[in-house]
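Chain IDs A, B, C and D follow the sequence of writing; residue 1 opens each chain.
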């Protein structure tokens, strides 16, 4: 039986060295190290790479890591909540502010600040967001898919660090299955009052199922569960295929029965993940675990080049 | 300063008596008791009553409580995940099975069982679901809203305990902002290949915003966060109004910054909940806290009649 | 395969009826119902009944339920944190106050209030506590056990609702394995400066191991994990016996590897719980789940009398 | 108002560079970065450095990091659970094994393996542990403190990577307030049957309170809450002083009212932490966050030398 190897710390050590030092530890340390190993396989070999994004990752500072992964060819299909895309657009011209979770919320409202835990957003950035949306939301007489809408929007964003812009530049499809549930949805509805704009709610289903069918092998990196996780998994479900590699980062745990905390093993019973897949769930705040895994994995790819 | 009053247990006591006995306790006990007080106000007075539903509540056995609330006039607007509606339809002709969370998932797959934590679903029920969907999904040459699609489907479900049927019978609008992210979405897409079926992704936005505008006073009961929570809150955001009463049941906590664990206080900074609203979050598994709150609240309404 | 039976709510229903209605549900609902079934067996049959107490249960209002269980003969051995015993003593002459978790802590300090989440304790009650301790802490020339110390203290508390007094009256041993880690420990040390008071740190081990040896069958009810959980389980470990029934209420989950969230199944690998034991863990705030389980269980015993 | 600065990843980057890159992010990322800044202050300046240890950190592979901190002079007072010390002793001659959390626990028992989440311990290592304890547990006619007992034991452990040995070598006091609640307690009791061994339960209180009194300035690093956290904080409480710097790593959250999840702000209301202290709680699995913070902090100290 393999033994636990106590972790070792060296001053100045790299993230990759630390993650490797946790390989034969227990609990979250071992899962984190396994996640980097699986992600290394996913990025090194010929897998179609799905990436799902939930939780307020962009307001929390994870935007450049994600757009960087897209630009480096490490994301082939992105499935996101609407909020992360809204905040990506806001970051393209404005910014989020460092706040405090215990500040009085009624006072914040009077000051024109909306709070996301310890991050604030200024009303003026929402106004600018609305103005930009009037420019980048297209007119279209024919019904289009949500993915196409997001592609058109992304192509008009100037900031090269934008997730939507990077995806547009690289031809990476971006799916947002709950598009109406976001400021993008609100703006799209407002503008559809005065000009033609029709998104076919189910068109995205065909597009992502086609991608699943065409994937000889597929891997998935899941941040935070929710609708993006389920949409990616259910799309694979209707094909004869399954995901072969999977990493999930979540703060939720299985006991309450919700999807965001559901184990990846559970997805095997549905046929969404293959019975012989390599997979791991890392429990904890993705603003910590995600940068660690990416930093460790990219170091390894670099060496292989 | 008010004092903690130690809870008292009597054999045979009612749920309402227990919940009242927790009123001046600490921690979750006090929050649970406060939730029943707020929900009593919501159901007793002239509030427009929003209800948002996330987490696998229907597979876990909460379906009849929800359809009962609809039939009794205690829900005016329902916002749900797709999965809960799918499982509601399945319960209308089939059932879920009692399983175990630690059973081997690959073996379950071979046995034709899909697992949701400790609940199993049989493949044959999915087949029946697909057959039923072919009957109840409408043809429509004009684009319709997701809400209209769900109304048409609900009107054709025979089981009176169905959530969708109860909503259809009572004229309660049902919104599912992530409709593509469900078996309903998959079936709708499949059938749209051979017959006309077009859902306008943003039509629901107009409908729910109109309801928000027309609500003199509004209350919201939130189970589990996610897209349904955000969709209800953001719809109120674009009106000059806010929710006046709010109860949230969630297993998530605020520290990771995600929406499902965000405090209701945070929603005040956005203007989604009014600064002088009465609100409470009960942390814990809603399959426990939800039945307790409903049982306590309905007892009080009964006495007032 | 057994089917999920949807829960039903009746206005005015008893706690026991609600708990029974959750029996064939999923997730936490089913576990809660199973906990009541196991606890009913434990209290009905000839089990030696261990009860472990962690978390700030007394400040949160659970004191009378616990002392009531002792007086009714439903607890044979109590293992507690020091804090719960300190607060039990304070409640015997004073009280805790209803507070708010978000109040400024530096201001509270200036006001002479110490905070336990949303419960406050007044400095004056600590002063009275110290005065009382000077009276009830014994002098002893020979080393005594912690259990004996607590028995002597309990016998001098006047309030009949006190946990320590109820235990003393009923001859129920109370163990506090981390006795130095409490205001009792601080006071004992202070007084040992001026008069003889010596507690043998390991004497309790012998006493509880003897009880384990002499238990033909044993059940355990665990609130909150921690030292009390481990002390009870490890004491059984050194005997050839194991616990036959076990209920655990905890907010912690297994993934982080700590004892408070460890499954009861894990305890089987150690031999602390027997391989054919009936056991269940209910995840969630014990200030909610504990009163529910006790109310349901006592109702059943009543009917059997 | 300061702005969120999006994190940047470079292949090959050091842990310290990553932690610094998270400084102006949100959520856990920002807290982690703040923890490293506070720990850097604690280790750089003349603070008496308390370190509290809960959770199965040694079985999970964190032993060498802790003993390394002791040897480097970064821990002045250690307060630990008994279990971590037991496993430290076992690692001094044996080892823990890499296991799986879902393996059948009854089968593990038959195989002579005891499980701690995904780590196994072999029965034979327990046997060796008992043999070693017979050698290193002292005889003493006079009552000694738990700290003195642990010092004597530590001085006889041969492995230089041992926590107890490192503490003994460096003269660092080790407190274990729940000493009876561990295999050390069981062994001590067994041997006290046949030879003199008496530990005064309250002697440790005097020793640690004296240290608190003599600390011009004090900092505390808390892993996992529990008894060690409370014992350190309450010891400071009886002095006119408070902790000036504090870092807490925990998986627990405040809402359930337990000590392990209690905020450090709450400790200000008690006077355990000073109102103007710098402090932060990092929520998440300490097997991930602890190595990151130590690696980042040690890198900075190195550069300063």
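To be clear about the criterion, a contact is a pair of C-beta atoms (placed from the backbone, for glycine too) under 8 Å apart; a residue touches a chain by one contact, two chains touch by 3 or more.
Since we're looking at a predicted model, the values are computed, not measured.
Taken together, chain A and chain B share the touching chains C, D. Distance from the centre of chain B peaks at D, each centre being the average of the chain's Cα atoms. Shared residue numbers account for over half of those found at the interface formed by chain A and chain D, and the copies are therefore classed as meeting with the same residues.
Chain B and chain D have centres, each the mean of its CA atoms, that are 43 Å apart.
Centre-to-centre spacing of chain A and chain D amounts to 35 Å, using the average Cα coordinate of each chain. One simple way to say how far apart two chains are is to compare their mean CA positions; for chain C and chain D this gives 25 Å. Multi-chain contact residues, meaning those touching two or more other chains, occur in chain C at positions 26-28, 56, 59-60, 116-119, 255-257, 283, 285, 287. With chains as nodes and touching pairs as edges, the resulting graph is complete, every pair of chains being joined.
Note for the complex: chain A touches chain C at residues 26-28, 102, 253, 255-257, 283.
Of all residues in chain D, those touching chain A in their complex are 1-16, 18, 21-22, 24-30, 32, 56, 59-65, 68, 91, 95-99, 116-120, 161, 283-285, 287-289, 291-292, 294-295, 298-299, 301-302. Every residue of chain B that touches chain A in the complex is listed here, in rising order: 54-56, 59-60, 81, 83, 101, 105-106, 108-109, 113-119, 143, 146, 177-183, 185-186, 188-189, 192, 197-206, 209, 224, 226-227, 230-231, 234, 238, 251-252, 254-262, 265-271, 275, 285-287.
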